[in-house]
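There are two complexes below, and they share chain A, which is joined by chain B in the first and by chain C in the second.
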Partner chain A sequence: MFTDFLQLTVAGLSQGSVYALLAVGLIAVYTVRHVINIAQGEFAMLAGLGSAWLTASGMPLFLAILVAILTVTLVAIAMERLIIARVKKLTPLTSIILTLGVSTLLQAIMLLVWGPEAKGVPLFPGTNILIGGVSIRSQEFWMIGALVVVGGGIVLFYEKSRWGKALRACAEQPVAARIVGISPVAASVLAFAIAGFVGAVAGVVASPIYLSLWSGGVLLGLKGFVAAVLGGFVSFRAAIVGALLLGMIEAYVAGYVGSGLRDGAAFLILILVLVVRPQGLVLKPTAVRV
Partner chain B sequence: MKKSRLRFIAPIAVITALALSGCSNSNLGGTADADPAAEAGPIKIGAVLDVTGVGASLGVPEQNTLTMLAKQLNADGGIGGRDVELTIIDNQSTEDGAAKATSKLIESDKVDLIIGASRTGPSLAMRPIAEAAKIPMISVAANVAIVKDSEWVFKTAQNDVVVLERILDDAEAKGYTKLALVRDATGFGEGVADYITELGAERDITLVMTESFEPSATDFTPQMTNVRGSDADAVIIWGINPSAGLAQKAYVQLSVNKPVYHSHGISNQAFFDAAGDAANGVVAPMGRLLVADQLAADNPQRTVIEQFKADYNEAYGEQPSGFAGHAFDAWHIAVNAIEAAGTDPAALRDELETAQWTGISGVFKMTAKNHSGLDASALILAEAEDGRWNLLKD
Partner chain C sequence: MTHAIMPTPVEMRSPRKRFWINNKGTLIGCGILVALMIVVPFTASSSIMNIVVFAMIFALPAIGLNLLMGLAGQVSLGQAAFFAIGAYTHAILLTKLDLPGPVAATIGVIAAMLVALLVGLPLMRLRGHYLALATLGLGFIVMIGVREWDVTGRTTGIYGISRPTVFGIPIDNSGFFLWFVTPFVVIGLILALNLTHSRAGRALSAVNDSELAAESLGVNTYALRLKVFVLSAGFAGLGGVFYAYQVAIVSPATAEFHLSVSILLMVVIGGLGSVWGAVAGAFLVQFLGEGMRDIIPAIFPGATGEVQLLGYGIVLILVILLLPGGLHQAATTLWQKLPFAGKRPPGDAHAHATWDDTTIPQLPMVSTPVAAGEPILVISGLTKRYGGVIAVNDVNLTVPAGSILGLIGPNGAGKTTCFNMISGALTPTSGTVTFLDQVISGRKPNVAASHGLTRTFQNLQVFTSTDVVGNVYMGRYRKGSAGVLRGMLGLQAVEQSAHRAASYEILKSMRLTDAADDSASDLSFGKQRIMEVCRALAAEPALLLLDEPMAGLSGAERDVMAELLRRLRTAGLTIVLVEHDVAQVMSLADHVAVLDDGVLIAHGDPESVRNDPAVVVAYLGTDLDEAEAELSELEEHA
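Coming up: the complex of A and B.
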């Protein structure tokens, strides 16, 4: 009984790590640019499909992953420069429609290039372990590890490094930041690059177990969105915690209630949060962002 | 013209044009009148397949097969000198996509016969439309509900009941008394639990647990954890790829350690792609296509299968799957019937009910009561090993 619970918890944590990385990407973009990036899930799928294709063509695994992540980061920057930056008056609604268009475009490209069947990257090196009846797959370690390293790295970047603080300044006080000399263009590009990078890492690390599909980004992006809402769309830490919780709740619902209700759980949580506590898991609801 | 006059004429003209175009589409006679010009024109066959979406691993080879066969047939002179026009529509693996495609094929393309869909859910959505329009339909999906008590619908994939018979016979022989089922949540998995209970009653086998999963699911930890904790002797995983392959992977990774059977829904390469090494040891009933080289030399299906494999490989550079075989059989059964009876729907349907065809999915003997034409002898039991299937029991 208890081993089942632990088993589900492990599955939930690894799935939640993927959601957390996507949420980080969503928040990174939103705080700097007030753009809700609907194409975040597509970054993950693009990286996954790209690296699957590269490894199938013979490239060594880690090189393929690196190339895929770099390419998707560039795609994100291109998206910012060519589409987002050109819009003079960017309201959140306009941004949703724009990024929705980009999402549809990316999906169509992925379908045309890689076809309708799901593809997976080969498993990363490592062995599965069995502790007390609970089986933990090696890839799950990689997924949780990716969250710790990349997600943690982004949080540290925002809090400790100069550029991170510059980004936070842009988010909190855009006009003052410009006066001080922080380029809004550079900040915007950096924010999207982070979103692309983090989304790509999530897609690549989840691909061996969960496979990448041209249409998979929609649901994944929505789950990331729910996690970001749990972070009040401002706090990385709260979003990460929220994402892990979301993953675990989904696993429990699927295991104990019924597997068909799994996705419903995410959206139920979304509705509850928006109605009851819009600031999500953030402890101190302040007007200051990030 | 004066502006005020124009204001009246323009809308009236538009409405008249719309009304006329609407009238020309509908069949005011109510029955399909034999149009003398149609007897000489091309024969129209429509196909509704799951080319994108969760059924893609089934729909793409089926599309390839039908396209290849239509080309071959027309190069050989068509049917009685008439060309065959094949129209394939992608239903995106959705039920309403299939329904819309069927209506379009019947009403605007005016097809003589429809093949499809690749999966049970969309096929069931197509069935009432074909029956109301009285156009023969040949499905390539599994659930026997597609043809049960049907006048106009036939199928070439082996019935799920027959597949379960093979599995339960093997389970009985091995002494298993309790089974757990992990099934696809769509129409394909519908009713499987009931069939197992029914067939199991005659074999002293009970079904102790049923779990389900969406065909688009990628995480199976909850289902496999529950199965692991149950007291079943063996497990049946009933789904199509990639979900069945991923389920198998999760099954092994979570150390469930019970013998496992799969359905005939996994008879393609995508199973090995999704499951990897976890596929080893899986036992599943399927048609003879994937073990063609292990069949006895005098097996009646061997020639047909090897010819098809060679043709498909030449056209597309890869080996066909069992699903491509279902489409192959549907096409040939349809073409043979049209050759014998022409395109009048009722005559065509009557001819289909007497169809006999040695094909890829089995040796077909259709009857008025049995629109599937296959029994348990159409299936063999195969075991997966290192990316290929080994014939276990013929």
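Coming up: the complex of A and C.
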């Protein structure tokens, strides 16, 4: 009974790690550009399908993953340069339509290139372990490890490094940031690069268990958004906690209620949170001077 | 001499002619659409017929989404969810309960609207991206729900829906079906067009320009947006009802995210805010999708499934990048280039001439609910803190009716913060504002406005998407009564033209008649300020809050403004103004209140405030004698 609970918790934490990485990518872009990137989930699927295809055609696993992650990071940068940067006045309306367009385009490309079937990257090396009746798959360690290393790295980057601080400055005081010489173009490119990178990492570590599907990105990206909202959408740490919570809640719903309802849980939580605490969820209060 | 170019008031023409003029475009457009739909079944191939039928079905959710995006400025990424709710409800009621078609269809539409109401009640309060993502989530919930529920037939869905019968004729082929659906699309189109031009529709487009200004004129943004959201779900539900009839099977795929994307694409291609665009977009997207499904497998052998998404994604991006106004923008640009298109005369040269004359010809109406001298506005203990900073500290003030109160103070003294708390733009940390015995503090600006309090803004809040008279017309919002339903039915022409005439009158009294039909954003800064005053006066307020009405005005304009304010006071209007021009305030106001560092340091008639040593020191500098010298010098200059 209790081992079941622990088993679900482990599954939830590993799945939550994937959501957390996506939430980190969403927040990175949102803080700098005030764009909620609907294509965030597609980054994960693109990296997953890409590395599955590369390994299937004979490339060593880690080389394939590396190539896929770098490619997706470049795709994210290209998205910023070729599309997002071309719009002078990005309103929430246009940013949603644009990133939705990119998301749809990426989905169609994945469908055309890799077909409609779900594909998985081979399991990463490692051994499954059994502690007190709870079995933890090695891939789940990889997923949680990816969050610790990459997610933690991004948080450290933002808090400690010069570039990270510059990015935060851009988000909080765009005009002041420009005056002290932080280029808004560079900040925007960097933010999208981070989004592409973390999305791709999430996609490849989850792919061996959860598989990658051309149309799976929207749902996954939306889970990342729910996590970001749960965490208040301003801090990476809070969003990561929110993502892990979401992963666990989903696992419990799937385990105790019914696996078909698992995806519904996330959105019920989203709507519930938006209803109960909307004031705490305002992304960044826009001060209107009148 | 003023030479006003007043257009013939619409109500002077005969009713039949007025109807024709107001609705010419709609009638011609609908005529062409109906004629096409009558002819198509006789000429088109069966595959084209199929596309046309689906285009007409999807035009309904597209019109709904267009209203939501164009009017409420919100995106729904879950339009397919409401479409599916309509389709499922209709199908279940037909097949399991054997209800008559019209009843099942009506309940289907109502079900979609009810769900939208439940979701919208909490969510329409939120701005920005939340509605988009919440509706995206709703789409998934609906899809999961119908897949897991026995009543909705799980993954198989509902099948065996029989075709409707109209006047004994079974609608059993595509041609009949097209004729069956066309009247509904045309009616929906007319209702939507009416709504965009109605009082509610104009209010919503004002909200998109400046939510604060619109609310300060009495627009209840939340309620209006919620109504439009529910309405847009109703359109989607109706589309779903027809879809269930046409396809005869309703599966979880009707709630698919990709369907929501294609509906969104119809709206984006057609042009946000253009109802006709949504219909044209529905046709284009259906043809595009069908074309892509033919072409893509030819280019990429073996490609199956939703390959049309390639085209959808590219078109979405390209339209926003290259033609953000969609087909509507393209059509208007093209129309203006045609030689026979009616061109508006260029702005005339009279605009500046009229300001030499400083007499005020007419006075806008004011409402005087309490006798002069009675308290109309009572401010008690008003405080605003930002973290550790106290912007306004325990301000107590009573404003008697029929007088002008000048609120002065150095920069950063908290004057505008005070104003914002009075008008409802800001919620005070503590303290209350009572207007006409109603507590209005901490509520939205439209509450204060509905009781007769309007304001202008230090940083101008102009409705840029309309002309000058359109701005002033928005000031009449409080005086109108037509709601969404009346607007859709087009039963408010008389009310609208009366308000329009009143707006012209007010512009005339402030010498802006010549600029009435110019775009509001083309006016000079000073004229925009005067226009804001006109807009506030159009509401026939009992209390007018003016935030620096003289800033940016020329000397002559200032004199006209001051004279207008005096006359308005004589007519019974109560005015509170924040102003930097101390001399103007001293000569104009009956009472002067001085704020310094958020604290009310003096309050009384201009003479006693002028001589109050605390004021002089706080306001003008350190040394009393020096400050007095400066003050008198200032007044001499003015």
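Keep this in mind: the second predicted complex is superposed on the first by the 277 of 290 C-alpha atoms of A that agree within 3 Å, B and C clash if a C-alpha of one lies under 4 Å from a C-alpha of the other, contacts with A are read in each partner's own complex, and residues count from 1 in each chain.
We adopt the following convention: a residue touches a chain if its C-beta (ideal position, glycine included) is under 8 Å from a C-beta of that chain, and two chains touch if they have at least 3 such contacts.
None of these values were measured; they are calculated from a predicted model.
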Check: Which of the two partners, first being chain B and second being chain C, lies in contact with A:Gly232: first, second, both, or neither?
Finding: neither
Margin query: Applying the document's definition of touch, where does A:Leu211 land relative to chain B and chain C: first, second, both, or neither?
Written below: first
Check: A:Gln15 contacts which: chain B (first), chain C (second), both, neither?
Finding: first
Next item on the list: For A:Ser135, decide between first (touching chain B), second (touching chain C), both and neither.
Entry: first
Next item on the list: Based on the superposed arrangement, let me know which partner A:Gly203 touches: chain B (first), chain C (second), both, or neither?
Entry: neither
Check: Looking at the overlay, what does A:Gly50 touch: chain B (first), chain C (second), both, or neither?
Finding: neither
Next item on the list: Tell me which partner A:Pro116 touches in the superposition: chain B (first), chain C (second), both or neither.
Entry: both
Item checked: First (chain B), second (chain C), both or neither touched by A:Gln7 -> first
Notebook entry, point to check: Residues of chain A touched: more by chain B or chain C?
Noted result: C
Check: So, does A:Gly260 touch the first partner chain B, the second partner chain C, both, or neither?
Finding: both
Check: What is the shared patch of chain A, the residues that chain B and chain C both contact?
Finding: 111, 115-116, 215, 258, 260
Notebook entry, point to check: In the complex of these two chains, what residues of chain B are touching chain A?
Noted result: 51-53, 56-57, 59-60, 185, 211-214, 217-219, 221-223, 225-226, 228-229, 242, 246, 249, 253-255, 270, 273-274, 276
Item checked: Complex interface listing, chain A residues touching chain B -> 1, 4, 7-8, 10-11, 15, 111, 115-118, 120, 123, 128, 130, 135, 137, 209-211, 215, 251, 254-256, 258-260, 262
Notebook entry, point to check: For chain C, which residues count as touching chain A in their complex?
Noted result: 69, 73, 75, 77, 119, 122-123, 125-130, 132-134, 136-138, 140-141, 144-145, 147-148, 212, 257-258, 261, 264, 268, 272, 296, 300, 302-307, 309-317, 320-321, 324, 416, 420, 425, 457-459, 461, 547
Note to self: Show me the residue ranges of chain A that touch chain C in the complex, using the header's touch definition.
What the structure shows: 36, 83, 86-87, 92-98, 100-109, 111-112, 115-116, 215, 218-219, 222, 225-226, 258, 260-261, 263-264, 266-268, 270-271, 274-275, 278, 281-283, 288-290
